[in-house]
Amino acid sequence: MMVTGRSEETSGRIRLGMVGGGNDAFIGGVHRIAARLDDRFQLVAGALSSTPEKSRESGQALGLERVYDDFKQMAIREARLKSGIEAVSIVTPNHVHYAAAREFLKRGIHVICDKPLTATLNDAKKLVKAAENSNALFILTHNYTGYPMVRQAREMVASGQIGNIRVVQVEYAQDWLTEQQDFKQAEWRTDPERSGAGGSTGDIGTHAFNLACFVTGLKAESLAADIQAFVPGRQVDDNAHVLVRFDGGARGMLWCSQVAPGNENALRLRVYGEKGGLEWAQEDPNYLWFTPYGEPKRLITRNGPGAGEAANRISRVPPGHPEGYLEGFANIYGEAAEAILAFRDEKPPEASVVYPTVHDGLEGVRFVAACVQSSARNAAWVKLD
Amino acid sequence: MMVTGRSEETSGRIRLGMVGGGNDAFIGGVHRIAARLDDRFQLVAGALSSTPEKSRESGQALGLERVYDDFKQMAIREARLKSGIEAVSIVTPNHVHYAAAREFLKRGIHVICDKPLTATLNDAKKLVKAAENSNALFILTHNYTGYPMVRQAREMVASGQIGNIRVVQVEYAQDWLTEQQDFKQAEWRTDPERSGAGGSTGDIGTHAFNLACFVTGLKAESLAADIQAFVPGRQVDDNAHVLVRFDGGARGMLWCSQVAPGNENALRLRVYGEKGGLEWAQEDPNYLWFTPYGEPKRLITRNGPGAGEAANRISRVPPGHPEGYLEGFANIYGEAAEAILAFRDEKPPEASVVYPTVHDGLEGVRFVAACVQSSARNAAWVKLD
Amino acid sequence: MMVTGRSEETSGRIRLGMVGGGNDAFIGGVHRIAARLDDRFQLVAGALSSTPEKSRESGQALGLERVYDDFKQMAIREARLKSGIEAVSIVTPNHVHYAAAREFLKRGIHVICDKPLTATLNDAKKLVKAAENSNALFILTHNYTGYPMVRQAREMVASGQIGNIRVVQVEYAQDWLTEQQDFKQAEWRTDPERSGAGGSTGDIGTHAFNLACFVTGLKAESLAADIQAFVPGRQVDDNAHVLVRFDGGARGMLWCSQVAPGNENALRLRVYGEKGGLEWAQEDPNYLWFTPYGEPKRLITRNGPGAGEAANRISRVPPGHPEGYLEGFANIYGEAAEAILAFRDEKPPEASVVYPTVHDGLEGVRFVAACVQSSARNAAWVKLD
Amino acid sequence: MMVTGRSEETSGRIRLGMVGGGNDAFIGGVHRIAARLDDRFQLVAGALSSTPEKSRESGQALGLERVYDDFKQMAIREARLKSGIEAVSIVTPNHVHYAAAREFLKRGIHVICDKPLTATLNDAKKLVKAAENSNALFILTHNYTGYPMVRQAREMVASGQIGNIRVVQVEYAQDWLTEQQDFKQAEWRTDPERSGAGGSTGDIGTHAFNLACFVTGLKAESLAADIQAFVPGRQVDDNAHVLVRFDGGARGMLWCSQVAPGNENALRLRVYGEKGGLEWAQEDPNYLWFTPYGEPKRLITRNGPGAGEAANRISRVPPGHPEGYLEGFANIYGEAAEAILAFRDEKPPEASVVYPTVHDGLEGVRFVAACVQSSARNAAWVKLD
């Protein structure tokens, strides 16, 4: 039962700060586990909430060494410390991403930022500039790209095993907003001020869009969208039907929904080319179905026979012992660690190191804006550049 | 292991003729098994091929009592016989459906016709008139509506178990036209003269469209389609991406493809309403997944606990003993038999008897025409009436 | 969408009689559909119930040409007719099989008999003799051997694709006897006088045992069984746990149960050899999972890529259009038809024609007897010859 | 998307040492991730290999504060330190467990020990005594009991939802020893000196046995086993077929195999009672199938509707975001942390805290010994006490 894959590295852990992720947040806790799993980061500082009091309270609960009132204070002070943070995780609601990231980027602190990149296209463009003007790294946690079998799919497409791509079917269906909700997670995610103009399109549609592009290596050229807010009173979309045209002639459909009862986090990707097809589902992430045209369908398992280097290098345990969401998320942190350690040595990371960038983030925000714009124009085609 | 469901009826079998379905045809053999399965029809006459010689040869191979040179001859002579056919199955390529059906309808012979209704919208409209002007019955073999669990889904929607419908996802994916094919089945199905303007849209898209409407009880109001012919030289579409708007506000996506490697006959329907969701797949037809919102997903099996009268009355064997494509197809013939026997008695059939009609067929041909028209106009919305 | 497989044959249909299968029986109706499906048999005579009145009533309901008071009368008279039946289906409760079969065999009428062969080992041995002394054919309807993918598995084992077999796991689980039942099916199947000493072992264990032997080609040498009657008052077993040793060193486990809630007809076979593994389940019969050791698991579908001649010759419709229980059952009748037609011509059937024989039936009854005997001796090993 | 479940606790992390788990070991790395995941342990000391040189090398690679030549030295010195380790993880080959555990137990250091408990029954009994004579805690990492849906199943059984249990089917199938292997993992696991008399029975059979007992709450009274070493030259079993009798009358089958191609870590449990059935599989651990007798099967998902407190309290992320092997393993460490923190406070842990004990370990070793003994006596029944 030999395990190939990421080795544990324990010395020289990267000093990490966090913006957002206070007591009652969801995604902050996920980022902390992801950062900790492979023992390559050490969380030492934070500005965890929108008010100084809550921030302190949350920071103490986590036993952080240094707790700040707000992200700006944190960026300024940490930048001055000899052993200040090298990287910061930004896990606030979307509308804060840009302002927070900017402060760290301009002080040379690497940013690991939750998605979508920003709440507005304008912010996204400014953040791209901020990242380009900084020599610090910017990693966007489109965490589903961290699943080993997603990497496997990407490698198989790149190596030509399914031929030129014709059809891309991607969807992300949930049901948690089927009825009006009033708890905190639902609240900001359905508030256009904090979440952005997109509801389901921003929260999960961007994941689906990013996944499709990541695996296929294709650029989406234009889209036509029919978006809806089915629940009365909801200010942002909770369902979207999108047609996509990719460069090179491939066509796709994207469906995202938060009102589809029986779906928890049903992110599914299917890619069909001239020579074969691939199918993957987030809820069963250790499996990749591959059909070479004219042959029986094959089940490739994580770390199992048929899995290649792109998947194995980010896999921890033997085949048949499932890895899940947290391990996939941790792989984004793992890639960030590789890149940051290479940065320390003033070298580029290994070619195998892959993570979503600020440019992927911009494309995601463009996707949301285009969906909203297309739908307002009765599903007319909108270009994505 | 009591079996509820369709009883065997053996006396007074209905005399049936067939147009098309000669030696090298596919669907004709399916119709014959479907007609025979429950022993309610007796095939006695035929005009099985486009040439008299082939027709005779095929008729003799089947041991038919009366073989004709062509469908017109058959319609004329059978109508004069005291014990002539009461019904005819029309299983030719699409472009022959109208001309053949007309001959029988005007002579009061019931027509059981393969789908799509016709190759052109013009023919479809004329066929509707011909049917309306006849007192004979017209049954269209959208055979997937004959699966018991499709009926179960329809009954659950109708009884309000999933609430007002918001989202309909339907798809029919195949892979057999991934490369250029030259055998007979592929030949006429990709020839617009014989198949109609739609390729995949006509051959399988109509099934998907019909299934979605049948289960939801909704009428599609308009669609926007992006259709493609991926294989070089192909004259009709082999892939289609379609957005649909239903009356009452529900929205849908329809995907059909014949170039998706790894898909054999992957017809799948998912329906989501305010109160729950339903999921069904043709390749595993004895299962219906039902999620009442906020409760665990449930697996309803054919003839098993949770299955209701609409499904049980057309089910033959106990749960866990799978029924398949032929049994579903036979259920259309079973419904036809119920209707024809009621017709004999000059009564309407029982309210539970359900089958696709010439009007469903017209809607299918409209669907194809709308897809072609919308796609020619860059996926603009086209109304479906 | 070319269909390979069994062609329809319509001329020279085989004249068939039936013993048992009256109005309220289950399996008789299945046999009639199976005989009819491919149009190779014509049911013309019957003695359908245990009393002359019921027999007549049932026969009339089916529109039979000739109805008899009892099987003996039927055997005598039909044997004298110029166009009397050539074959008879025996579908009574188990304890009648021997007496009925004997009457037809000794008059040269082929017998198609439901399983298990008989209710007692003594009857089984006498029936083997009766069959050996007759020149008529004897076909036992272990219908699961008629599934195309079961044939596929058998062919793969025979051709060495999984190497020498080491482990055989087979099970048949149901839940319909979880509580005491009083309808007719449950009644005779739990009455040792009519069903035999075995309850679940006889009713479904014999199917599992036969399937394992059929696919592997191995002979079971001995078994050790722990059988139970969990439901209070039940006179026969409703659950059995059996260890099996096969010739050549392979070992197996067999589980059958009628008290396992959530199982409908969960007959599953898994075979593991030195070079690979095979997995098949009756409830999803169109799929066969094949793992060549060290390679990804493959999904072989009926009539799909990877399926061979043994499966394709008994397959009717394209891959992805599921065939089910009735089609599998009809394949036993199809093989019977092949054998009977060859018999007419005084030739042996083609080598590809395969059906369960009276000897398989004897082994099934021995299996039941051995289970009962072993369990009575605290699961001691009992030889199977 | 509120997450219920284990909160992150960061202050007062438990000081942990490790015995075994050097550079080329598998399970040591798993234990370290499991200990780290929820941030409740801090690994500070180790004796990681069988030689001082390797131990030092491995310890440095992990950046441990204190590295020892061997476990005895470590136990003695750590016990004397004011801030010495409070707990030790023992992750050596099986034959070392007893000697190592004893040294820590007698000095009041809690032991978290890999399974099976020991290589011999004699050692196991001595270890039980050592644990009983110590006031330190002993936690055995039968990690599969840490999966939330296993806890869910256990809670449902305990609350009577499936009624009195009749049948237990459990199996653990792998294929990695289908052929002779020579890498380190295979080497010691197939060496009776280091692994114990059982091969597959010890390595994975104990997991299956423990899981069955854990979920059902039943005690196994006796077993009959037929074990094999299929691969030529192998000194321990690589396949075992076992009949089990539980107290109260339930019966079971247990199959474990390391020579079943197509199985990676296929641990599956099925439990059937008078009122319902439960089914769970380790490779898809977030799903639990529940069938109340006479109702449709239900899919209960981790943290989803239908999941109860026993599962939710050890769940981290929302339903549909899969947790896997590492999270389940971490839950054993989480329970250990709860118990150790309560111990610090001289209180018993909360009633909800559950972990496998030294007594469970003894039962596992008894299981292996009984399998070997029974098989040597031709599968005679052997009592388990």
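Residue numbering begins at 1 within each chain, and the chains themselves are lettered A, B, C and D in the order written.
Criterion: a residue touches a chain if its C-beta (ideal position, glycine included) is under 8 Å from a C-beta of that chain, and two chains touch if they have at least 3 such contacts.
These are the chains along with the protein names UniProt gives them: A, B, C, D = Oxidoreductase.
Keep in mind that what you see is a predicted model, and the values were worked out from it rather than measured.
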Name, by label, each chain that touches both members of the pair chain A and chain B.
C, D
So using the touch definition from the top, which pair is joined by more C-beta contacts, B-D or B-C?
B-C
Computed over C-alpha atoms, the centroid farthest from that of chain B is that of chain D
Rounded to the nearest whole Å, what is the centre-to-centre distance of chain C and chain D, using the mean of the C-alpha atoms as each centre?
43
Quick check: how many Å separate the C-alpha centres of chain B and chain C?
34
Inter-centroid spacing, chain D versus chain B (mean Cα positions, whole Å)
55
Pull out every residue in chain A that's touching 2 or more other chains.
263, 290, 294, 297, 301, 304
Enumerate the contact residues on chain D facing chain B in the complex.
290, 294-301, 304-306
Which of the residues in chain D end up touching chain C in this complex?
162, 166-167, 169, 171, 175, 178-179, 224, 226, 228, 230, 239, 241, 243, 245, 251-253, 255, 257, 259-263, 270, 272-277, 279, 289-293, 297, 378-379, 381
List of chain A residues in touch with chain D within their complex
1-3, 8, 10-11, 26, 29-30, 32-33, 36-39, 61-63, 174, 176, 183-186, 263-266, 282-286, 301, 304, 316-327
